[in-house]
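Heads up, the next two complexes both have chain A, just with different partners, chain B and then chain C.
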Partner chain A sequence: MKITSWLATSILATSLIISGSVLAEKTLLNVSYDPTRELYQEFNAAFAKYWQAKNHEKVVIRQSHGGSGKQARSVIDGLEADVVTLALANDINAIAEIAKLLPENWQQRLSLNSTPYTSTIIFLVRKGNPKGIKDWDDLARSGVAVITPNPKTSGGAQWNYLAAWEYGKQRYGEDKAKDFVGNIYKNVPVLDSGARGSTTTFVERGVGDVLITWENEAFLALKEYGSEKFETVIPSLSIVAEPPVAVVDKVVDKRGTRQIAEAYLQFLYSEEGQEIAAKHFYRPTSAKIAERYAQKFPKIELFNIDDAFGGWKNAHKIHFADGAHFDQIYLK
Partner chain B sequence: MNNFKQHSILPGFNLALGFTLLYLSLIVLIPLSAAFIRTAELTLPEFWTIVTTPRVVASYRLTFGVSFAAALVNAFFGLLVAWVLVRYHFPGKKIVDALVDLPFALPTAVAGIALTALYSGNGWIGQYLEPLGIKVAFTPLGIFVALTFIGLPFVVRTVQPVLEDLEAELEEAAATLGANRWQTFAHVIFPILFPALMTGFALAFARAIGEYGSVIFIAGNMPMVSEITPLLIVTKLEQYDYAGATALSVVMLVISFILLLIINLLQWWSRRRSARA
Partner chain C sequence: MTTTITFPLSGKTFQQRATQEPSWVRRFLIGLALAFLTLFLFVPLISVFYEAFKKGVDVYLAAITDPDAVSAIKLTLTVAAIAVPLNLVFGIAAAWAIAKFEFRGKNLLITLIDLPFSVSPVVSGLIYVLVFGLQGWLGPWLAEHDIKIIFAVPGIVLATVFVTVPFIARELIPLMQAQGTEEEEAAVVLGASGWQTFCKITLPNIKWGLLYGAILCNARAMGEFGAVSVVSGHIRGSTNTMPLHVEILYNEYNFAAAFAVASLLALLALVTLALKTLIEFRNKQHQTQRGDE
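Presenting the complex of A and B:
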């Protein structure tokens, strides 16, 4: 009897020591979407330095990337993300609605709709633009192969789809938009599950004439693979893509990381954070930094999802739900 | 009384049987029943609509059709490989033998990426096939290539030991009785190998049906054309449609179970037939 109780005490003591030493170094998990790898690598290092200088506490930020929908599902299924930085509000909505890990009004908690940086959707074509692609119309022409991921699994692809739809609507009228988008998707030979997969298909496998993608992803491809192989094409109209960020309340309260998680997201809005975002081709929301990097981002006529589609929930129901517009394209 | 108890070499029949049942329940039955329970959230008409939409039906046809074709090809070439490995001696045989297992060990995603790089329009092999009008990557043909790759070891490894045990005397006896080579193969060797070959076929087939990692990279994933059922399940999960995803899983489970049952029955029948002969 005595031995067992002694054993129990010593096990308890050891585990306390171990957990104590773990506590000395805080960790934070940022669950993000596909193209933000490079952005957060640099941002995390900057934040760790900032936090160390301010609070004399070491923080290690781990990052996880993948298709936005898949990442949200991992969090719903129990991946302990302190913060989520996903491709679209709808995926964070799902975490709030299904797993109830954060309140449904999460998007009102941080300024600018919880969107510290924005992006938009542009085209990447092969050098010299052999198919003469200038605008969305050219993607619907026969003989042009278009690469875009599957909107059912990729957040980026939903922005692509909605941008094309709005263009079709403005150019040809409300009732023709569906056919217009249908014609674009008839030109798609491969539907990858995420934005990075599509970039690989286009860049590495040499499939397709044009890649519809995030502006930041297009510029990154130019940087990585050289502008002698690819060039960007800016369409006449595109969408403001707002990849929002949120603290996951239930997780940070359980892990005791709320303070640091909130500071982490606030740091995205800081001058330094905005500058890092701009360097990685995300459009900064701070006017000052935006001005500094103005020549980097082409001027495009932009519309936002709330005005054109009445918000994400509506857009999802009409376009991406089972049996909705996107599914109908393939059933004809 | 207790006939089998006396004949058993290992003691503790009851304990062993109990353990087997418990183990199978924990590892196989309970996770599977979870799938069925999740589907119970749906009403029957809802379930039926989900599992019979044209896109889903197209994916069943693709998954089971291509898996069957790949397993069939593997049954033929796997037998050939096993035969060569058992009956012939050549330098580097050990290495070739080890190569056969590689598709087992390789992460399937790696296989998928490697095959896609090889067969896409600018790949080593793809660049020669494309001008001939043969597209492999991003078509159902690509899925077939991937499934053939992952299925090969199953046939080789099930047929090989049976071939090794096959005594050369049997063939010599057939020859002395006047059988020509073909007759010896068709009437002596093949019936002995057939049950093992069926097992290998069934394993390769089952593996191909469930394969996901290698296929998504090479398939192109176009709705109605090159979308496999496991991909649709994952897509539904990513749309947060858990009930829909499990509904498809249940259909796959049931079809797979029926097919495997048929193959097992065939095996049993052929074993009995060859035992009588």
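Presenting the complex of A and C:
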């Protein structure tokens, strides 16, 4: 029978292709969030070079990007990430709690809360700032269309939300913060699932008057599209956004990649790693590199999540869990 | 056919062919259809190729020979090479059973075959995550035995097979039903075995319909986005198919490369369309020949 023999050949051929691609090289999978694409593209190449020089071993680092919460969900469902570099601690907490792939104290294992680089939340507006947006208050005005991703799936969106909340709290008082944030979300015409989706909506599709986004994402959009189309607006107060990194213990032990995975994350703290982060508009944590790139990052009054919200677990429970503040605001 | 219309007041009678509309209506309808086609089909198609080559042939070639793109193309072809034969076997078996035999639960089987058409592709992907994912029913067992299904090639193949199940079966069922069972009955009476009957009578009768279904199935297998996106894990150079790769490139502001890969997919669609038309043409010839016999 022609068909059966063709079937047999094709199955044989494809199984060869599949097994061939699996056996090829030593690989490491870094599951990351949306805006780090360009950062890790350069960093991975640098690390591969460093590892080759030091250990005479070739390593290929594979990348997966998407909304931070979605990526965490994939790891929980079995995506074999050797390291996760996500947008916020709570997404890695979820991996530790639900799938138990790493210990719950993972954040104490690396220095600076396992956060090699930080960022903050700023605004991107269209050139000339036609709606005159200067601070968080302007986002709550009627007639201003605000673009921000969905906090249920995006880490960046949660930082956006918390920064707005703290501003509302300091400006209008504890009990008015919720209404203030509610007014901002009333102005949101579309909630994308990840930060990059929101950037594309704002920049490429031309929707909205202001994009609330990571500082690095805003600078990247300026670089890609030129400053003749967009400009950044620095709010009077914002949050220190800490995107943490972790080795996924169960995966590296199974795949025998612990040593290389740990070296990979340590390399983020090295001078070279910090320099690459700064080049891609992430705020370096090394004082030396921070000083070198000081003029690149605007001075903003910053608060951190532990002081303002009592840490991620608390913030998640009060604001983002099912039926919590965000649901109350958005479903209203 | 003609209709005679008599107007009672004037008493005038005139005849109008029922199938003939005034010429302006015809022109308007044709124009409308053409305008619609141009706006929603030709312009986007041309824009794909325009955007792909906007930055020059070098950029285009660089985009489609990039290792990640090559791996995406390979994976897409691999998935189609597994999904289409599987559905070929399943489609023939299902259509054969439904068209030639009577049995209990036949309607249920027909409904089940249609299920992938009525379920959203995202749900099609999620069901596999729920079954094979680490937190799913079989997940822990699979992990223990180091079998990877979700976020690996088998998961992508499964999801693709699921969404493309109806294409071949749906194509064959009406064809086989129309052909009836007389020729097969004659073969059996003359002493042919079941396998002989199938190879010498049934298969030749359905070959054009089968090819047509396989082509449609292949087009969908290569183009599927939703279900595959859920089970892929989006690992570049490893579990990214062509449609997923297009999305990644687009999200990286790499528009020329995104459209370059998209143009390959569009090209694939055009080849499919050409093949389909050719087969329809052959099919028609085939049928007229049979009619002459």
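Here, the second predicted complex is superposed on the first by the 305 of 332 C-alpha atoms of A that agree within 3 Å, B and C clash if a C-alpha of one lies under 4 Å from a C-alpha of the other, contacts with A are read in each partner's own complex, and residues count from 1 in each chain.
Keep in mind that, in the parts below, a residue touches a chain if its C-beta (ideal position, glycine included) is under 8 Å from a C-beta of that chain, and two chains touch if they have at least 3 such contacts.
Worth saying up front: this structure is predicted, and the values here are computed from it rather than measured.
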Counting only touches as set out at the top, which of chain B and chain C does A:Leu191 meet: first, second, both, neither?
-> first
Superposition-derived comparison: chain B or chain C, residues of chain A touched | C
With the two structures laid over each other on chain A, which partner does A:Ala287 touch: chain B (first), chain C (second), both, or neither?
-> neither
Determine, under the contact definition given at the top, whether A:Arg37 touches first (chain B), second (chain C), both, or neither.
-> second
Is A:Gln63 contacted by the first partner chain B, the second partner chain C, both or neither?
-> second
Report for A:Asn150: first if it touches chain B alone, second if chain C alone, otherwise both or neither.
-> first
Which of chain B and chain C A:Leu331 touches, first, second, both or neither | first
Please indicate which partner A:Val207 is in contact with in the superposed arrangement: first for chain B, second for chain C, both, or neither.
-> first
Thinking of the overlay built on chain A, is A:Ala53 touched by chain B (first), by chain C (second), by both, or by neither?
-> neither
Touching chain B in one complex and chain C in the other: list those residues of chain A.
-> 76, 98
Could you please specify the touching residues of chain A with respect to chain B in the complex?
-> 67, 69-70, 72-73, 76, 94, 98, 150, 152-153, 188-193, 204-207, 320-323, 327, 330-331
Could you pull out which chain C residues touch chain A in their complex?
-> 71, 74, 78, 81-82, 85, 88-89, 129, 132-136, 139, 143, 146, 148, 150-151, 153, 199, 233-238, 248, 250-253
State the interface residues of chain A toward chain C in the complex, per the touch definition above.
-> 1, 3, 6-7, 10-11, 13-14, 17-18, 21, 29, 31, 34, 37-38, 60, 62-66, 74, 76-80, 98-99, 196-197, 200, 224, 254
Tell me, which parts of chain B touch chain A in their complex?
-> 53-55, 116-117, 120-123, 137-138, 216, 220-224, 234-241, 244
